[in-house]
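These are the structures, in structure tokens.
Heads up, the next two complexes both have chain A, just with different partners, chain B and then chain C.
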Partner chain A sequence: MVFKDKKYMLLFLTPAILLITVFLYYPLYKTFVYSFTNFSNWSPKFSYIGLENYKRLFEDPVILVSLKNTGILLLGTIIVEVGFALVLAILVDSIRKGFKFFRMVYFFPVVISGTAIGLMFYLAVQYEYGLLNGLLTAMGKEKIEWITEQSSMILVLIPVLWQYVGFYFVIFLTAMASIPQDIFESAELDGITGFKKAIFITVPMIWDVIATVIGLVIAGSLKVFDVVFVMTGGGPLDSSQLLSTWLYQQSFVFNNQGYGSTIAVAIIVLGLLIYVLSSKLTQRESVNY
Partner chain B sequence: MKNKSTYIPEKMFFKGKMSKVATYIILSFWALTTIAPLLWVLLNSFKNNDEIISNALGLPQMYLKTGNLFTNFESLGRFSDNNIFRGFMNSFIISGSALFGILLLSSMAAFVLARFKFRFTKQVTAYLVASMLIPQFAVIVPNFVIMREIAKVIPNFQGSYMTVIIPHVAAFCNFAILMLTSFMKTIPAELEEAAIIDGCSIPGIFVKIITPLSIPAFVSVGIMVFLWSYNDLITPLVYLTKVNLPVTVLISQVQGLYSTDYGAMMAAVTITVVPVLLLYVFSQEYVIKGLTAGAVKG
Partner chain C sequence: MKKFLKVIALMLVVAFSVSMIAGCGAKAPAAEPAKEAAKEEPKKEEPKKAEKIKMRASSFFTGGDTWTSVWQEGIKDYMAKNPNVEIVDDSTPAAGDAFKTKINTDFASGNEPDIVYGFTGAIGKPLVDSGKLMAWEDELAKDTEWSKNISKGALEYIKAGKQYAIPYIGFYEGMFYNKDLFEKHNVKVPTNWDELLAAVDAFNKVGITPIACSFAEEPHYIIETFLLSMGGKEGHDKPFDESWAPALDKIKELYAKKAFSKDALTIKQIACQQLMKDKKAAMFISGSWSAAALDGEKTSIMPVNLLPGGKAEPTSIIAGFSTGWYVTEALNKKTNGEAVKFVKFMTSTDRAAKFFKVGGVPAINTKVEGASPLFNDGVAMLNGAKVATGPVGDTMTQESFTTIWKGLAHVVTGKKTSTQLLDEAKKLAK
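Right after this comes the complex of A and B.
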């Protein structure tokens, strides 16, 4: 059935489009505008200061730290998160008993909010009563101060990576289930099993999905906020600051909305840049079956 | 001849009998990492400070003996500014309304995209897809200004639930529209044709035919957007005033408030995590399907 009534077309489509325009596209444009101003303390009186904020961005030492941290996060997510998810999916795909159990528990962290996970890991690394020091004491060792300037980024990295392994694991598992069985059968007749089979058959067969997932984790790594905000708040001494947490601090704690908007522009530009690069890198002929 | 349907190819990753053992050891190890922290928090939310330190990994004993096992949970209501129970109510009001708004607006828009002869279908779809690429952080400051402008016209708007519901609807409905459109396209058109002949109007078709038939898609899209909204931290953190804060924001402030009451902090995590996990365990297939279908949005 194809309807043509223009009245209903407008009536049904307009609310959603209007909302997206007013609360997504218009603010996006506004962010670019604010990034050239000295907008601060939410005062409606602000003036254009040219590229002043961008100059500040390039001279800001915290930006350098958060870029470095974003880099660590990116490498971590691509290698550890995607890697673990892939290995676990290959292994779970190979068993029959316990398949459902593993899929269920691996997905646990995905449904929990980043905030609760942040608090959970915050509690786990505390000196007095944390899980890690509890384990150390149980093994008869001395307690350790876990969160330091050097370790903070690695410590927040663990829950961030841990949370989404199960998510990509399920995506890989679903993709593997759609590989036709006869390919494995003929591989077996040729004597290809185990490790070789995973590398030469399973991985190439789902390469499309792996590429998509790499795109997803890259986009996701720029969105990380909750876990870091709750666990360290970007500290100690800004050592675990990310672009997102720094943007929050500038805009809503130091009340520097102009400069905060410049950081937002940096996030957008960085996102586009990484996206273009990664889609170039993961591009490969897709397998049809 | 070997019956093909009963032939199951050997899929084990490692060779021989050891392979099975190794596989299960690795898988169990990861399962342990996803279960152990949750179990640790759960157990410790029933202990007092001394016991959390002296008996970190064991079962709770002291509160069990004295019979007031839920002491930590009771103390969560201690701060009137940070009442986790009220936070739950706020969370459900916000995410429930956002869910309702998203499903309503998205199904209407999806109906047009799936069923109307519309010249700009392609452009509208591109507009929606592009809007999904706009990061939350890129709109948070200007939206705050917009909210303040609205508050000048509507009294009591500043800090109200609506300041979070509206951005959530705007941010998540693009994806819902695309999902629902592709679902509605698969609904056979015969029913609608028959309804038209019987004199049914277009809104009638939408309410009586398209909506009921789209319920499976509503469920998976609904779970997804509800969890996104429920788990979101930054929007309510920035826009809401104290009494309206949802549970995510309250949880993010717990370390400051309860800094010496370890048990209460554990209880705070438990009480946020358990309902979501229960919901998940009982509707696993829907949740997994809903969330991974939403992968594009991440």
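Right after this comes the complex of A and C.
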């Protein structure tokens, strides 16, 4: 075979390696370098300030709030997004009619952009001109201030979770379709019920996929930005600030690109840590069939 | 067979690499048509259709902005007059500092547009520092037919060492108020702090928001006008003057009196304008750019010098020129001066009249016909001002001023004191 020759492998890989180096690793390296500088106002004149930005990172009260909110988002996505997607997939997998309809309905929000979803939810919860308050007024009730310091994080969680449930649902459904039917048939002969079938056969058989999905969800939740940015902009009073929105605001609104780069480095380190931890926790012997 | 596969493999790699290089270089030919057009110029006997000159124009005239329609109409008319020119409108809203972010990033990343209508002063500094802008001195001296209509004072006002920007729309800040609401509910238009508090109570009683203000997006104008009212021009212009903290505390006092809408911490600036227009709010502290979005017949404007113990002369206002036309030097050369021609078209007296009919303070000597009473009230306030000064945000680093305006919500809700906030901002003032 032609691919036995290693030089062809290299030749084919070169364009991809070039692209990934130019557009991923080089910016990553530059971000790391900028995190040690006072780069601000997009001025090309900046100097190295050692660990000053990292010192600021540990003293910044908004970082603490962002970390807490990122944690809430992470837990929410793992428990609700993955859990709900799994339950939906198990339910839809067991029905014979309308399978395609449900798959389309649940998958639909994935194709809408996060910005549009954020705007849609914002327009619904707006105080003066919002849909919900419009309904309340029509019913003769008092308007409610929906986005408050206490409720903002829950409000942004709803569209974030709603948007991606369908994506993981389709992944689980595809994985379930590849489980050999004879396993279910023999279990049914032994008198297994629907719930036990899901717990003792379906979930263990697709455990590899669940672990991968958890990894994807972790990476995805650290990247959540658009919905939160459009809905609350991290407010009110920084109550829905995430690491990603705070990074944006520091870099582009406060115009401190050096400190923004430091937050970016923190996000990368945090992402890696959580990913390694989740990989360890979800490690099991894979089932081959 | 093996040899054949090797050849196929090599061809694929070559084809992929060539397409990649071609893709990466796609931006460069943008200026080529101009060059070609220039080369073809001498052959006038050949009425060959010149290739299109493509330019990108950035501004904040988009969405709900006052001047969106006249800006878009200007671009359309210029393209109709010059069929070989295509202008891509690359505008971004000013709200939430989106425009500043976009334009600074464009210049920093080598993606600068041909023409910018943007901010001057401290906010425009990254553009000036980029070294990519054209200085207008030669053009102003060369084309006096055009430059004689530009206010000399306005030119001087926005000069940043060299004349990098051409002034156009000036501004003033003040308190818009719905005259009809004050009349209907028999409330006196406030001329001092006590009357303002009385008006707040009166409007709260009838379910009207006393003052529309977005602490989430643009509390800049309430900050600037209160600083001026409390410290006078001297206190306002001196960064972190001792009068600043008491001025911010007065905003907190208003918040505690429920002077703002219930969602003041999250409402967007455009929704505040709408509240005023829909007569759901009685007062709105903003600038001349908001005038066109309000009821021009039954709304008026006044200076915000209402703070007790304030040092400001009663007619003092924040006003000036903090925006202008920029042209990118290299791109202007590549398009054979087309960018400059476009700016001259937009700043011509006829076109300027269309812009100022909508609102703003003209830096161009033009006659604005059929202006609304609100427009005239604004001009009267400006002409009657014995003291005028530029916004404080233009005199300090963006990080420092952003800390103040973003942190104001923390002050009014009691999470921070005004002194704490100003100390934080001072550290970032560099």
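Note that the second predicted complex is superposed on the first by the 255 of 289 C-alpha atoms of A that agree within 3 Å, B and C clash if a C-alpha of one lies under 4 Å from a C-alpha of the other, contacts with A are read in each partner's own complex, and residues count from 1 in each chain.
The rule is short, and it goes like this: a residue touches a chain if its C-beta (ideal position, glycine included) is under 8 Å from a C-beta of that chain, and two chains touch if they have at least 3 such contacts.
Because the structure is a prediction, the values reported are computed rather than measured.
S.K.: Once the two complexes are aligned on chain A, which partner has more residues of chain A within touching range, chain B or chain C?
M.R.: B
S.K.: Applying the touch criterion given at the start, work out whether A:E128 contacts chain B, chain C, both or neither, answering first, second, both or neither.
M.R.: Both chain B and chain C are touched by A:E128.
S.K.: Given the touch rule stated above, what does A:S279 touch, chain B (first), chain C (second), both, or neither?
M.R.: Neither partner.
S.K.: Applying the touch criterion given at the start, work out whether A:P15 contacts chain B, chain C, both or neither, answering first, second, both or neither.
M.R.: In the superposition, A:P15 touches chain B and chain C alike.
S.K.: Once the shared chain is lined up, is A:D226 touching chain B (first), chain C (second), both, or neither of them?
M.R.: A:D226 sits against chain B, while chain C stays out of touch.
S.K.: Could you tell me if A:T193 is touching chain B, chain C, both of them or neither one (first, second, both, neither)?
M.R.: A:T193 contacts chain B only, not chain C.
S.K.: According to the stated criteria, A:W42 is in contact with first (chain B), second (chain C), both, or neither; which is it?
M.R.: In the superposition, A:W42 contacts both chain B and chain C.
S.K.: Just to be sure I read the superposition right, which of the two partners does A:S178 touch: chain B = first, chain C = second, or both, or neither?
M.R.: Neither chain B nor chain C is touched by A:S178.
S.K.: Considering only the touch criterion stated at the top, classify A:E145 as touching first (chain B), second (chain C), both, or neither.
M.R.: second
S.K.: Please report the chain A residues shared by its interface with chain B and its interface with chain C.
M.R.: Residues 2, 8, 12, 15, 19, 42, 126, 128-129, 252, which sit in both footprints.
S.K.: Under the definition above, what is the set of chain A residues touching chain B in their complex?
M.R.: 1-5, 8-9, 12-13, 15-17, 19-20, 22-28, 30-31, 34, 42, 84, 87-88, 90-95, 98, 101-116, 118-124, 126, 128-129, 131, 133-135, 137-138, 162, 165-167, 170-171, 174, 181, 184-185, 188, 193-195, 198, 212, 216, 219-220, 222-223, 225-226, 229-230, 243-244, 247-248, 251-252, 257, 260-261, 264-265, 267-268, 271
S.K.: How about chain A: which of its residues touch chain C in the complex?
M.R.: Within the complex, chain A contacts chain C at residues 2, 8, 11-12, 14-15, 18-19, 40-44, 126-129, 143, 145, 147, 232-233, 235-237, 249, 252-256.
S.K.: Please name which positions on chain B make contact with chain A in the complex.
M.R.: Within the complex, chain B touches chain A at residues 7, 9-15, 19-20, 23-24, 26-27, 30-31, 33-35, 37-38, 40-41, 44, 49, 52-53, 56-57, 105-106, 108-109, 111-113, 115-118, 124, 127-128, 131, 133-146, 148, 166-167, 169-171, 173-174, 177, 189, 192-193, 196, 202-203, 206, 227, 230-231, 233-234, 238, 248-249, 251-252, 254-255, 262, 265-266, 268-269, 272-273, 276-277, 279-281, 284, 287-288, 291-292, 295-296, 298.
S.K.: Applying the document's contact rule, which stretches of chain C touch chain A when the two form their complex?
M.R.: Going through chain C, the ones touching chain A are 2, 5-6, 9-10, 13, 16-17, 20, 96-97, 101, 104-105, 107-108, 125-126, 129-130, 215-217, 261-263, 265-267, 271, 274-275, 280, 397-399, 402-403, 406, 409-410, 413, 415, 428.
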